[in-house]
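As structure tokens, here come the structures.
Next, two complexes with chain A in common: one pairs it with chain B, the other with chain C.
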Partner chain A sequence: MMRTAISILKKDLRMEFRSKESILAMWIFSLLIFVIFNFTFEVSRLVMLEIAPGLLWVAFVFSGMFGLNQSFALEKENGNLRAMALMPVDGGQIYVGKFLSVTIIMLMFEALIFPIFIIFYDLHLSLGMFKLIPVILAGTIGFTSLGTILSAVAVHTRNQQILLSLLLWPLVSPIIIWSVTLSGMVLSGEVTEAFYPLLLRVGAFDVIFFTLSYMLFDFILED
Partner chain B sequence: MRSTIDKILLVILFFAFLVSIYLIFQWVPQIKASNPAEQIAQRIFYFHVPSAWLGFLAFFVVFAGSVAYLMTRNRKYELISVASAEIGVLFITLVLITGPIWAKPVWGIWWTWDVRLTSSLILWLIYVAYLMLRRYLPDGSKRANLSAVVGIIGFMDVPIVYYSIRWWETQHPKAVMASSEGSLAAPMFFAFMFSLATFTLLYVYLIRKRYQLLTLEDTLNKQFKEMEIL
Partner chain C sequence: MSVPALEVLGVSKDFGRIIALRGVSFSVQSGEFVSILGRNGAGKTTLLNIVSGVSRPSEGEVKLFGTDPSDRENKAKLAVISHEMFLYGNLTALENLQYYSRIYNVPDSKERIEAVLNDVELTHRRFDLVATYSRGMTQRLTIARALLHEPSLLLLDEPFTGLDQHAIGMLIALLKMQKEMGRTIVLTTHDLHTAAELSDRYLVISKHKIVKDGLMSGTNPETIRENFFSAETGGIQS
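Showing the complex of A and B:
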């Protein structure tokens, strides 16, 4: 039943592993963000610790835009978008495939940049840090579930990249704000009782955005 | 027929606005506040809150219109959604203008990155993006589909804005209407309700006009196309 989604996922991942285009670009860009932030806001270590969670998410999502822009731009370039629309399968399948590939690539990039983040901001690793995993997972899924469908919308316009930013940023901002709050709790070691309800809320919005996108994707493909 | 209704609406609107201005600036008693500027500024509430409510209403109509369009493929619903999105952006713009005018004398600042303020700005940005998307796409069923999808997804953030004052600590005054703790004095409540009704009528009038204009544009475009074929 999910064969189409899995084929798309396999194709995208194979392409990515051969060229390593997205992950490398995202990783380098994140490094740049850390550097730029450092010299534009010359702040003390104490302040740095306070803004670190925000910085982490800025790096994640700004770099994530690369992957999202790539995802459908490549298909369009080669006329594959039309071919996909002609496939006798449910559009939701294509969405799931695209969503999975974007998410997996982004999670891999996040795993690669996180050690650098720890080193740059001199954070101390502890067991409590494992709580970051569900936070990053939930935040990233929210970002990519919305990003995938909006990227498919934006790819039809002349100004794809700017329009994707215009559409995605405001819509995804609640999820990013919550993710930053949650990450801040974990990084400062002050996980309060508000942590799990908030995490659950992010998860709930992930489910809403994913389900809606899955249902609506057919309409984006058709002419 | 159509224009008769509009004319009647316009006349009612004219008098309703005269009455609400009288109610707001003359009839409602002064609130008790230590700061005299605050007493005057408080009256902006009668414009600010109805505008916000209508923004929400307008965006709900965008959502409903988008769903209806995708289900029926009737162009009528597409045009209603667009008209409503434009008017919604207009009303939220009013909210974002009247808010700082009130905040300056009361809080001492025009703007603060408070949750309620930030989320209203985000809401505004979502629907501006919706309108921008339409500008970037050529007219046709593709545009209708894509904007309907964005119109539906975009509405998912509206509840977040609405609940933001409950979910977070905020500087913004609490919702006095929808909560049990808040209470308005009877004259204030009446003036507010009158203002809200007037604004709602304005929304009805504006969406009718905008919709008519959009259909006219459509007919004109069709005629142009026919002429080109000939």
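Showing the complex of A and C:
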């Protein structure tokens, strides 16, 4: 059942590793954000700790937009989007393949950029920081599960990038805001009892977005 | 009587105020080679999109092998060749074919890939990125990709566009081979000579509807040309 999804994932990752187009663009863009913010504002460490989670997620999601746009842009090339619609498979499987490839590429980029973030903002690594892993995972999955299907919608239009932003931001905002709040708790070392319920809420949104997208993807592929 | 490979029953399609097809009806029997002739914008590509299940008609119905074209079983029996390549430039020919063989669950895929690459004379370039191929080579690989899962019905939308003489000759030879193998083929083209050489039957589509449905046997291209123009200006003939 997962054969189609795995085939699409392998194909996308092979193409990404060959060109490194998305990861490089995402990495450079994030680096620019960190450099600009670091050298423009001279603020105390306390203030920096307050704005750092927001900066981290600005870098993640704005760079993630590159990945999302790229994901279906390469399918549009040479009519491969139409080839997908012709495949004798469940549209949901195609969605899972594309979702997995976008998510893995974004997580790899996040793993590469996070050490730079730590260095630039002089944050101290501690065991407590491991709590960022489920936060980043949940926030990223929410962003990519919704972003993948909306990217497939937007790719049919001329103004793909604008439409994707217009559709994605209002819907994904709650997840991003909660992820920033959760990251703030971890980075400041003040993980309160509100942490896990909020993380669970992000997870619940992930499940809803993923399930709806899986079910609706067949309709998106049609003309 | 056996179920036709393709039945198009009163199909109309509009995109808002733009009419693409009006009340189109015809059927294609298994093993038949039918050419659909018409000018640009006549509705040929829209018709093939509907037949392949990628697009839904505004009115009417299409049946592939007696059932809905969007059925997964039907999609597995279908292949489309058009001016769009359905290939990834950043993968090699072999990687492209391996990808499609997994999607279409092709049995003995290794042997089958070798066979289709051999048919289109691209074995020596199988490890090269498709982005480095010429237009003719890419179209040959497109044909290999389409034939990989041994489809029962081939839909060809202007497949000769942009090809050199060598590639056209190879495609014609491959299509003749597919016809001999009993595959059902529907071709849209402007090229009356090629249509006359390959087809059993031809349809003329003009102003979004079928205006001529004729047998090809013994008909030379000039007669088709005359029929084509008289059908376009005159009215329905059969």
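Convention: the second predicted complex is superposed on the first by the 215 of 223 C-alpha atoms of A that agree within 3 Å, B and C clash if a C-alpha of one lies under 4 Å from a C-alpha of the other, contacts with A are read in each partner's own complex, and residues count from 1 in each chain.
The rule is short, and it goes like this: a residue touches a chain if its C-beta (ideal position, glycine included) is under 8 Å from a C-beta of that chain, and two chains touch if they have at least 3 such contacts.
Predicted model, so just to flag it, every value in this text is computed and none were measured.
*Asks:* Which of the two partners, first being chain B and second being chain C, lies in contact with A:79: first, second, both, or neither?
*Replies:* In the superposition, A:79 touches chain C alone.
*Asks:* With both complexes overlaid on chain A, does A:89 touch chain B (first), chain C (second), both or neither?
*Replies:* second
*Asks:* Once chain A of both complexes is superposed, is A:13 in touch with chain B (first), chain C (second), both, or neither?
*Replies:* After superposing on A, A:13 lies clear of both chain B and chain C.
*Asks:* Quick one: is A:222 in contact with chain B, with chain C, with both, or with neither? Answer first, second, both or neither.
*Replies:* Both partners.
*Asks:* State whether A:25 touches chain B only (first), chain C only (second), both chains, or neither.
*Replies:* Neither partner.
*Asks:* Let me test your reading of the model: by the given contact rule, A:208 touches which partner, first (chain B), second (chain C), both or neither?
*Replies:* first
*Asks:* On the A-aligned overlay, A:163 touches which partner chain: chain B = first, chain C = second, or both, or neither?
*Replies:* A:163 contacts chain B only, not chain C.
*Asks:* I'd like to know which partner A:118 touches here: chain B for first, chain C for second, both or neither.
*Replies:* A:118: touches no partner chain.
*Asks:* Would you sort A:153 into first (chain B), second (chain C), both or neither based on which partner it touches?
*Replies:* first
*Asks:* Return the residues of chain A at which the contacts from chain B and from chain C coincide.
*Replies:* On chain A, the overlap between the chain B and chain C contacts is residues 222-223.
*Asks:* Along chain B, where are the residues that touch chain A in the complex?
*Replies:* 70, 119, 122-123, 125-126, 128-129, 132-133, 136-137, 141-142, 145-146, 148-150, 152-154, 156-157, 160
*Asks:* Residue numbers of chain C touching chain A in their complex, please.
*Replies:* Chain C reaches chain A through residues 49, 52-56, 72-76, 78, 80, 82, 84-91, 95, 99, 102-105.
*Asks:* Spell out the residues on chain A that touch chain C in their complex, using ranges where they run on.
*Replies:* 3-4, 7, 10-11, 14-15, 18-19, 74, 77-80, 82-83, 85-90, 222-223
*Asks:* In their complex, what parts of chain A are in touch with chain B?
*Replies:* 146, 149-150, 153-154, 156-159, 163, 166-167, 169-171, 173-174, 205, 208-209, 212-213, 216, 219-220, 222-223
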